[in-house]
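Please read the structure below before turning to the comments.
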Amino acid sequence: MNFDIGIWIAAFLTLGIMSFLYKDNPWYKISEAIFIGLSAGYWFVSLFWQNLVSKLWDNLWPALDALFTRGEFTGGLLYLIAGILGLMMLMRLVPQIGWISRWPLALVVGATAGLQFINYLVSNGVIQVYNTITPLFGPVSEAGGIAPVTDVWHGLGNALILVGTFTGLVYFFFSKEHKGFFGGAARVGTWFLMITFGASFGYTVMSRMSLLIGRLDFLVNTWITGIFT
Amino acid sequence: MANNEVQNQSLIEKLQLIDRRIIFVFIACAVVIPLLVGATMEEETTPIVQAFFDYVENLPEDSRVLLSFDYGPTTAPEIQPMADAIVRHCAERKCKLYMMAVWATGHNLTGETIVNVLNPEFPDYKYGEEYVNLGYKAGNQGLIRLLLVDFKRMYSTDAAGTAIDSIPMMENINNLKNFDLIVSFGGGFPGIKEWVLYAGDPGNVPVGGGCTAVSAPLLYPYYPNQLIGLLGGAKGAAEYENALITAYPQYENKRMAGMSLMVSQTVSHMVIIFFIIFGNVLYFLHRSKQKANGIEGGQS
Amino acid sequence: MKRTVPLAITFIVGTVLVLADFIPHKPFGNLGDDFSLYFDIIAVFAFLLGGGNLIRVHLTKINRKRPDWQFSIVTLVGFVVMLAAGIFKISNPEGIQGDVAAIGSLFNDLYMYIFTPLQASMFALLAFFVGSASYRAFRAKNIEATILLIAAFIILLGRTPFGLWLTEGLTGDLAFLQIPNLANWVMDVPNLAGQRAIMIGIALGVISMSLRVILGVERTYLGQDSD
Amino acid sequence: MKHSASSTFAFLFLFLIFTGVLFAQDEPIDSAMVDSVATAVEEMVPVNPPKPAQLDIVQDNPGDAGSSIHVSWILSPDDGAGDNDVTSYIIYRSESPTGPFEAVGSASRGLVEFEDATTTDGIEYYYYVETVAGDDSARSSISRPIKSSAQWFSTKDIDTFIIGLMISLSVIFFIFAAQKGKELYLRKIAGLEAVDEAIGRATEMGRPILFIPGILDMDDVQTVAGITILGRIAKTIANYDTKLNMPVSRSIVMTTARETVKQAYVAAGRPEGYSDDMVHYLTDEQFGYVAAVDGIMVREKPATCFYLGAFFAESLIMAETGNSIGAIQIAGTAMPAQLPFFVAACDYTLIGEELFAASAYLSGEPKQLGSLKGQDIGKMIAMAAILIGCGLFTVASITNSESLLSLANTFRSIFSAS
């Protein structure tokens, strides 16, 4: 494809998407339509080569070959199960036996529940508790493996993290009414959550801007400049 | 009088519910006008960038510099200017450039730097002798670890499929320790951190980096012991370009991407900050009017 | 059969995968990886349902001349062209054995010149929406909203030259009040605390929901018996 | 592995010396022998090699899947002290004490251990560590032979196992307790209280309800949570006879969601109201999906939008578009980075844990609600652990008591998850 045509197409589509900001219009609709069709195709092609060919076929074929030519049972035959589960999904197309597709679905949901149970327990739960356990003040010898508290501010910071994590968890309690002392703690917890939300919001604004700048820079300095030179 | 007050109030209310497209226009202008005018903003070079620049500046001729393009199209606006500036500088210093990527998306972006900067500005740079594009290899930090021990086992060909042994400048490259400097562009995973942990530290090879503004704070702690310098976001790129122009005045009239992006970025932030303040001023005006009229604060 | 078997599958697979994490020995040690491989394979077959649905929806739209049916033609053409370009590796310089995204192939050209700009433009819209959302949402309406506003404002200012310029005068003991320093402190202390509370809460929420699913207490996703 | 000619030569030469020493006796060499070898090396190389690190413990990694051996050493006297010129350590391995040895990895200065995760179970390996200082190096003695093997219980994870078990048991206990009729109090969650009202509003206005289950596939637990909530919401929608529009970005999610919605319509006694068209696939691509959803929003003008699942950058694009068409928006996600955007642009946001609790809340079934009480016990465990841990460390720190400090460290290590 000619590079300059590429730039013109890219510019046309960029402006098409941006025109949505004014209001919905045919230019946006055509960009959107191209996007949906092309990207769905792109994903299927990726799934086809990466999953079907390199994960299923490349593993299954040698195993089947070994089975039928030499009568050997190899580990690759396990992929046959994966293939069968995949075919079961397709049974939905036949209404009478559509219920079979629930088997692979049940497998997917059960496995997700099992795997994520552990993942979240460790990386979101236990490790966060671990990270929160620090001294609030006073020097700690190096043996602790924790950064020693060097000054009052550092200690106060640690104390604030403790208070914030604690009250934040109080906020999430379901089985206790937010009243009295408990309610006060939950309220403080929401303040910490609000700081977290505000901070992440402010933090993200910058990176979002640079994306837009990149796009507009393309329009101004590659496309428009290209027309006049 | 009363009538007038009602009108005032409705104006405030109207402004509070301002059509968001007006805000969009302001943001678009904040970005486009600086780009159109070609405004640039001189960023005084901070020590962390200056240290990087000085290191490259002091590299002897024919030094071997490994550039790893570890980012994708979405962060390219921020990072490409850094890659361009550093490639320019290395080429001015007549270093040999080895380009690679640990991100699949980095391969196309390497090409952009070669096509837009290296080939037009340094026509004498010959492929295979002064620069080489090795392309992307999968394996993340595992790849880096292996490169530290044996480079050619992982890269048996360059990106175009040419056998590595037929590329003259690859002759004495056995592992990462043969490089005089490693530069990683990209603060994601894998990126600068992995290059420091799996190549720089164990191999004792100097590592420098360029990353997005968002990931920069996480990488600052590695400077100066494990990173020779770090460029963070458009600001970092602009600072490096400023240092480059100071040392090589021939670039003074060249359009420097980082410096011009910096203007758009600063102005657009100002616009957002302005709108937040404006919105709150309106809100308080509105509320004090309501109080004056004896109406309880309506919104909660 | 239609409901008991799936419930049993969920229970067995879920329990085994929870326990497998503590059993390093084969075959349990890498069951998690095996599952993601299986999942990827099931996903390809499922795509035939999804892609089929996409085609059907748009064909119906064209057939019945529903509003905007012309755009459905565009979607279908885009889908088919991309599919053909990728599966048959059209104009791939390395031939049918080559990498599907080889430079110079139709697939890669479509990706580079059409897909990528569309993707980047859609992503870039975010900048505008960040602007309109900040204008509307960041109002000091009550204590919570005020705290949100202040935190966001400090971080925003701290990331622009403006923040430093505004508070450059504060040196010595007051240096911590310089906005960039303040911004770092907000990120490292109160933000971190809130982040941790959210994360620990999420961990417990996931555990509890996983147990409900594994034990069959939660079964809405399985459909009904009388099908 | 490739080595340049000179280093290969140096290798062979050193091995000749080692081999000589080793052949003299079957037992692994003792440290005195190694010292003499080191001296010999020093005499022959006219430079200043670092004092070598000495191997400490070389053993099979306990409680793992095999294929890995743990190598640890005592720092070289020149690392952090002495000449302080050590730059790194390189770990070598061989299947025979006489070699050939090959490098299996490296570690920066200051580090004392390395995990060789490339061993084959059942084969005996020999190791040594080379201390590198610039161009110079010195090597340690060779280890005793060692084999790797796989175990049936991951001993290092026992703490995590017990914590997980405690939380699971409290959840299960309360599920059964609630089933037996134990009264449970649950506080109100604003976002969930508003669900009925939001669906009712769409019915009154005669406009559709949009349900977005996030952009990840069914192998993400947030999507599962979104689908379980869909089950509850769809039942109400069926009762109200309102139109549901659910575009999805994953085929498996489409299949699951169809089962779920169909089930909800049957349960509501209106199976005829269900149609497969309610749930339709758009594209797997994140921004392609958003482009299409935005289009649907401005064209169909749904009165109510639900965003429940895993979201990334697209969260704000959708929520702002939804806001501009005046829809009531209820969002929920466990993506910490996207929560602020939903909080800013939506009417109600379920924060993290609330997303996972939502389906139990909406079901109103005692069993489901019981599990939420069990979750609270988990929170109490976490809170107690944090308080006790911080308290122990603080007291230890103030009193400077070594025994308290080690107690605090032991307590903390329960949560180290490794």
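We call the chains A, B, C and D, going by the order they appear; numbering starts again at 1 in every chain.
The criterion applied here is as follows: contacts are C-beta pairs under 8 Å (C-beta built on N, C-alpha and C of every residue); 3 or more make two chains touch, one makes a residue touch a chain.
Just so you know, these numbers come straight off a predicted model, no measurement behind them.
Student: Hey, which chain is the most central one here, using CA centres?
Tutor: Answer for the innermost chain: A.
Student: A-B versus A-D: which has more C-beta pairs touching?
Tutor: Pair with more contacting C-beta pairs, A-D versus A-B: A-D.
Student: Per the centroid of Cα atoms for each chain, what is the distance between chain A and chain D, given in Å?
Tutor: For chain A versus chain D, the centre distance works out to 13 Å.
Student: For chain B versus chain C, what separation do you get between their C-alpha means, in angstrom?
Tutor: 24
Student: Quick check: how many Å separate the C-alpha centres of chain C and chain D?
Tutor: Taking the average C-alpha coordinate of chain C and of chain D, the gap between them is 17 Å.
Student: Give me the residues of chain A that touch two or more other chains.
Tutor: Residue numbers touching two or more other chains: 17, 20-21, 29, 31-32, 35-36, 38-40, 42-43, 89, 92, 102, 105, 108-109, 111, 113, 115-118, 120-121, 125-126, 129, 132, 162, 165-166, 169, 172, 193, 196-198, 200-201, 203-206, 209, 211-212, 214-216.
Student: By residue number and range, which residues of chain C touch two or more other chains?
Tutor: Answer for chain C, listing residues that touch two or more other chains: 18, 21, 39, 42-43, 46-51, 54, 68, 112, 116, 118-120, 122-123, 125-128, 130, 132, 134, 136, 138, 148-149, 152-153, 156, 159, 187, 195, 198-202, 204, 206-207, 209-211, 213, 221-223.
Student: Touching at least two other chains at once: which residues of chain B meet that condition?
Tutor: Residue numbers touching two or more other chains: 20, 24, 27-28, 31, 74, 213, 268-269, 272.
Student: Which bits of chain C are touching chain A when the two form their complex?
Tutor: Going through chain C, the ones touching chain A are 2-3, 5-7, 9-18, 20-21, 32, 34-35, 37-52, 54, 68, 71-72, 74-83, 85-87, 100, 107, 109-128, 130, 134, 143-145, 147-156, 159, 176, 185-204, 206-207, 209-211, 213-214, 221-223, 227.
Student: Inside the complex, what are the residues of chain A that reach chain D?
Tutor: It is residues 17, 20, 23-24, 28-29, 31-32, 35-36, 38-40, 42-43, 89, 92, 101-102, 105, 108-109, 111-113, 115-118, 120-123, 125-127, 129-130, 132-141, 143-146, 149, 158, 162, 165-166, 169-170, 172-178, 193, 196-198, 200-201, 204 of chain A that touch chain D.
Student: Which of the residues in chain B come into contact with chain C in the complex?
Tutor: Per the touch definition, chain B meets chain C at residues 18, 20, 23-24, 26-28, 31, 73-74, 108, 111, 213, 217, 235, 266, 268-273, 275-276, 278-280, 283-284, 299-300.
Student: Where on chain B is chain D touching in the complex?
Tutor: Checking each residue of chain B against chain D gives 20, 145, 148-150, 152-153, 174, 201-204.
Student: Which part of chain C faces chain B closely enough to touch in the complex?
Tutor: Contacts found on chain C: 103, 112, 116, 119-120, 123, 127-128, 130-132, 134-136, 138-142, 149, 152-153, 156-157, 159-162, 184, 187.
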